[in-house]
Amino acid sequence: MGTPDVQISATIALLTDFGLADPYVGQLKGRLIREAPQSALLDISHGVVPHQIEQGAFFLDVSIAHLPQPCVVLAVVDPGVGTQRGALIARSEDRLVVAPDNGLLALFLKHHPLQGLWRASPPKELQSATFHARDWFGPLAASLARGKSAAACGEPCAPEQIRPLPQNRPEHAPHTTGASWPVLHIDRFGNTILGLRQGSSAAAELTAAPQLRCPACGDTPVIPAQTYAAIPPGTIGLVPGSQGYYELALNQDVLAQRFGLRLGQVLHFEPL
Amino acid sequence: MGTPDVQISATIALLTDFGLADPYVGQLKGRLIREAPQSALLDISHGVVPHQIEQGAFFLDVSIAHLPQPCVVLAVVDPGVGTQRGALIARSEDRLVVAPDNGLLALFLKHHPLQGLWRASPPKELQSATFHARDWFGPLAASLARGKSAAACGEPCAPEQIRPLPQNRPEHAPHTTGASWPVLHIDRFGNTILGLRQGSSAAAELTAAPQLRCPACGDTPVIPAQTYAAIPPGTIGLVPGSQGYYELALNQDVLAQRFGLRLGQVLHFEPL
Amino acid sequence: MGTPDVQISATIALLTDFGLADPYVGQLKGRLIREAPQSALLDISHGVVPHQIEQGAFFLDVSIAHLPQPCVVLAVVDPGVGTQRGALIARSEDRLVVAPDNGLLALFLKHHPLQGLWRASPPKELQSATFHARDWFGPLAASLARGKSAAACGEPCAPEQIRPLPQNRPEHAPHTTGASWPVLHIDRFGNTILGLRQGSSAAAELTAAPQLRCPACGDTPVIPAQTYAAIPPGTIGLVPGSQGYYELALNQDVLAQRFGLRLGQVLHFEPL
């Protein structure tokens, strides 16, 4: 954020599970505009499934590199709103992320260089105990966007001192062959994004097989493909998607709904 | 709005029941940008349930204090579009609200200081009879945002001369004990906002009881709580939420869906 | 766009089938802000039904006249993403439209004056093969918004050389009397927009009858009406709506859901 300068403010990017039907995002933006009138606002998404911290962590991880610099990201998926959990401020390059200390930063911290990490405590007086995004995190993000230093907003802390992602993955039977990955996200097109990163050795191994089998998808063969349009009829494509992870997809059909796949489900794959 | 000045325009905030899937909000914004190119646009929400004037009135009432000043709010929930109902312009502090004369301003006028109220008649020629937000109210809001005075846009009128909220609440049997409030809004998290204002004597009385019973929620006890996270398992929290009203909630579960609560339903409470 | 000028950039308007729940629109906007920081962004809609090119073509056709000038429209409904189909750039007045060459421009080209049409080929290297809006079309639109000439981005082509709309309308039995139109769009209010343009001779003929019958709507009479509020109870209104086409509607009820009408369905009408 460099030197404080109220003339040229950083963009504020928003990521929440608030949805767009309620007036919550509007009230949050009203507050941000009042406190950082020079900042442009950018919605990453407000469609995180309510309280799904792990999905929010995925959205943040895969989106931040596409944001402008300087930028302050306000990320709020916060089932513990009103409790004493702190706010975190993380710096990576010329972007700052403000989020509750509940694991939401976990994937972002794992995959991006960290230049600083601070924790702030809740103010004593807040307008509400149930909308900290509007009443606490938002004004904090606005201060940062106006040039206030993160060090003036919280105490330095180490990545080991913050809360990890909640571990609520369903149990699954161990397999002696093949490999398993969780469903990180199911998008509007039914494409099902797996926790398998492109460029990893696990990905190289899996996609070396010409055909795979995924029991949750019955007998339909899973075939590596480069685009959705290249997925042969009657097969499921394993596609290196736009988010840096592999995804399962059908050609112009909604895979997740066809096979009843769910967020967080662990899918097993074995060579055919 | 002070002196007219096309250089520095007021923010235009939008509240409608148009949703975001259709191109209606986009066309409205295109029109606003053309007519008030210096104004920033801010969405309060476009998720009011279609034609639910009372819910729109609630959104406006609870959101306006969070908006920047100067600001022009364009609020359109308008089942009577194309009829001869007028447009209202209301001023409270340095915010102007433009809305159809159908009750949408009722809660806002009840809870905020009023510095002026005007009514405008439909122009003789409009591009459509079915999209007055784009073709009439929008250009009117843009004129105000550019600095045109409200007095030049309509005739002064008194709050008693405008239409009240439609009275379409379902009948309910009278109770000899306890008290009843309507459901003003059900949010994305299933939290159910009641027409019971924080700080009112009715609220003080209700929350004085350690436990309450709400027949629509069966035998589950209702317990006053300050945050969602503080709601004990197996109970319903009565929480002073972020909107200035009390709300019913579960801890990380969707209350309204669990108990089949509906917008506009009148809920009865009695001490246990 | 006149002379290139990075100081004053064109508005970039967005139309996609991406929805708002996924982080895709946010990533696209992040990219646009980085590459055209002076441009304002305007959402036409992201709610086109996934892969429904014909509906996207309708949204574009009816919305473009409401957009500011200069403006670059980025329209992406792109089931063929990752294949070798090109990108089109069309100019009408002081607006440029960027879209995949798959029929999405068809209705726009039919109803608006065309000052230029160019086709660009995919770059050799792209960050992804599945998100060309972010990785190819978006940067192309940003270049145009910054003042780069369309002629420098692609090769001139003629309207006859581009791909038409996919022809996937359901078969319907021929009728000896009356006339038929497809459902172009069903909006949030259940209003059902037909491919019957206001001001056409077909429209004049149809609305000359005091009552019509539409077999898909059973025995409920269809009656020409000027506004939704003017539709008599127990009848369906045939209303000259705000989009330049006729639409079927009920007075404060959701017509399409009542009668099970579907996007793309062909409706037949005959005088009663």
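Letters A, B and C name the chains as they come in the text, with residue numbers starting at 1 for each one.
Basically, contacts are C-beta pairs under 8 Å (C-beta built on N, C-alpha and C of every residue); 3 or more make two chains touch, one makes a residue touch a chain.
Computed from a predicted structure; not experimentally measured.
Trainee: Based on which chains touch which, is the overall arrangement a line, ring, star, complete graph, or other?
Mentor: Shape = complete; every chain linked to every other.
Trainee: Does the subunit B and subunit C pair touch with the same residues on each side or with different residues, judged by whether over half of the numbers are shared?
Mentor: different
Trainee: Fit subunit A onto subunit B over the CA trace and report the rotation angle, somewhere between 0 and 180 degrees, nearest 5.
Mentor: That pair's rotation angle lands at 120 degrees.
Trainee: Approximately how many whole Å separate the CA-defined centres of subunit B and subunit C?
Mentor: The mean C-alpha positions of subunit B and subunit C differ by 31 Å.
Trainee: At least two partner chains per residue is the criterion; list those residues in subunit B.
Mentor: Only 20 qualify.
Trainee: Please output the residues of subunit C touching subunit A within their complex, sorted ascending.
Mentor: Its residues touching subunit A are 17-27, 29-31, 33-34, 37, 50-51, 79-83, 127-131, 134-135.
Trainee: Please give the residue numbers of subunit C that touch subunit B in the complex, ascending.
Mentor: So the residues of subunit C touching subunit B come out as 11, 13, 15, 20, 40, 42-47, 59, 62-63, 66-69, 185, 187-189, 226-230, 239-243, 252, 254.
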